[in-house]
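Letters A, B and C mark the chains as written, and numbering starts fresh at 1 in each.
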Amino acid sequence: MDVPQGFDPTLILVLNLAGTFVFGLSGGLAAVRANLDLFGVVVLAAVVGLAGGITRDVLIGTQPATFRDWRYLAAAAAAGMVCFFAGRRLDRAERGIMVFDALGLGLFAVTGATKALQFGLGPVQAILLGAITGVGGGMLRDVLLRQIPTVLREGLYAIPALLGATVLVVAQRAGSTNPLFPILGAVGCIVVRLSGLKYGINVPTPPGDRPDRKP
Amino acid sequence: MDVPQGFDPTLILVLNLAGTFVFGLSGGLAAVRANLDLFGVVVLAAVVGLAGGITRDVLIGTQPATFRDWRYLAAAAAAGMVCFFAGRRLDRAERGIMVFDALGLGLFAVTGATKALQFGLGPVQAILLGAITGVGGGMLRDVLLRQIPTVLREGLYAIPALLGATVLVVAQRAGSTNPLFPILGAVGCIVVRLSGLKYGINVPTPPGDRPDRKP
Amino acid sequence: MDVPQGFDPTLILVLNLAGTFVFGLSGGLAAVRANLDLFGVVVLAAVVGLAGGITRDVLIGTQPATFRDWRYLAAAAAAGMVCFFAGRRLDRAERGIMVFDALGLGLFAVTGATKALQFGLGPVQAILLGAITGVGGGMLRDVLLRQIPTVLREGLYAIPALLGATVLVVAQRAGSTNPLFPILGAVGCIVVRLSGLKYGINVPTPPGDRPDRKP
């Protein structure tokens, strides 16, 4: 399954588990803010933490890693417990949700692209699948809590995910197995996303009047 | 595909078809309450009745049974027709939705865990997949009708599903093929879920103030 | 993979790419109407254009064509760009969304059924999978923008999709490879759907009072 000259599998596993945990935090905090009970918090943390990777594996056509390695479930459930007990102490849950979401976005974009390359997908498809992996969890979180997904509302969301996956794919295609590149891809994505959040940078909206714009 | 010492396949098939039918009733009643037309009622019944099993099979990595055995579709569509013609006579559709949902939850938790074991997943994964199978249909019903899914709002929803699947997995791991255990698992889940509904039992909510709690 | 006596693969590919493009237009226009920015428009166009085919392939159990052929992504993204730059000039985006949706419904119902037959599914399953392929994109578009999916609200939506897929399956089972039949199935579906839209034809609603009907 593993390509001979891929990136260090342990590094990818660690990035994947870290991504599951931070996406779990993002889902758990959103559940706390929505006043869900203990199980709602843990379930939403698990759904958000695991959804991206499950989607990635189903699209690649392999059995989801979640069902073969208990550590993914443990990471997501642990994130839910942390949110349940500590969530209300966070002054600004809203900000926490978005920051953890940004971290997960970068980590999953990189690991999603890596796995796609391992399974023989082309570079463009690997970049796309990396972005889907990064975007999937947050999209499901927003749909389940009845909000329009962030990926549709904010320009600098899908773009950094594509960027992070691209760094990884270009490095791999150039034959590098330097662990710097997965980390660089993830950090690059996270920095761009957080900058967009902090400074409210957005991509253009359609030209013309917007009669029904709500301010 | 079948493990030599599994539970009686006919029993599992019957439980699966019964689960599809009752989840179909739950979806169909929800559609009647939302004033959908004939086709909306049948489509939502089919979606809710079939979604859990399709999700289970996609996650296991096998072609959904729905597409190989017409009886699943027939059971879900029949449930939709029943709801269309009889739905308005139900005084309390709301209650009916939740009761049929509870029956489906127990039946699918058990059959989902059984199928996961058949395909070689570990015990923890089989319990998780059983719960996903039980929870999937109702989650999709609520998302399509723009409600926050019950599994996120009520504590005693995922817990009984995990409980029912656990009974099944423990029995199978102990080497039993006694048909009592799948039935016990399903009934146990249903009783716990209905008790939670009847007495309004819930798991704890996060500690601290809830400034935006809506009473 | 290809059945010996199937329809012309090039014709099916063209219908598939056309379906992706028009569903992309439908998603892109819905995003423009919802005042999403450039990336929101392109992402929603891609999601709506690609979702039906991805769902079809996952359910059949084959790797989604989207990840092996870049032209699907290009067609969906091009539709998003067109909507971004031209969307506001459309006087009645609402109508455009529904018309492009109808075109996609017919095209995907036919190509979905064809692919299901190619992979050995039975005729009833192929009709069902054709309808799912046609209905999937629009359903996801509506869920992401927080609307109750059209397939649940309007009777003449799933019916024409089933009709178009049925024309295709009957022709194939009769041994015909005449390219007229896929086109006839698609056009038949589109005409029935557009008629339903134009004349407000609907299937019956459940008998009895509707106390909470909103006029």
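Quick notes on this structure:
Here is the rule we go by: a contact is a pair of C-beta atoms (placed from the backbone, for glycine too) under 8 Å apart; a residue touches a chain by one contact, two chains touch by 3 or more.
Every value quoted in this text rests on a predicted model; they were computed, and no experiment measured them.
Between chain A and chain C the CA-based rotation angle works out to 120°, given as a multiple of 5. Of all residue numbers seen at the chain B-chain C contact, under half occur in both copies; the interface is built from largely non-matching residues.
Mean C-alpha position of chain B lies 28 Å from that of chain C. Of all residues in chain A, those that touch two or more other chains are 58, 143, 146. The part of chain B that touches chain C in the complex is made up of residues 31-41, 43-44, 54, 58, 62-64, 67-68, 70, 73, 83-85, 87-89, 143-146.
Against chain B, in their complex, chain C makes its touches with residues 58-61, 116, 121-122, 124-125, 128-129, 139, 143, 146-149, 151-155, 157-159, 202-210, 212-214.
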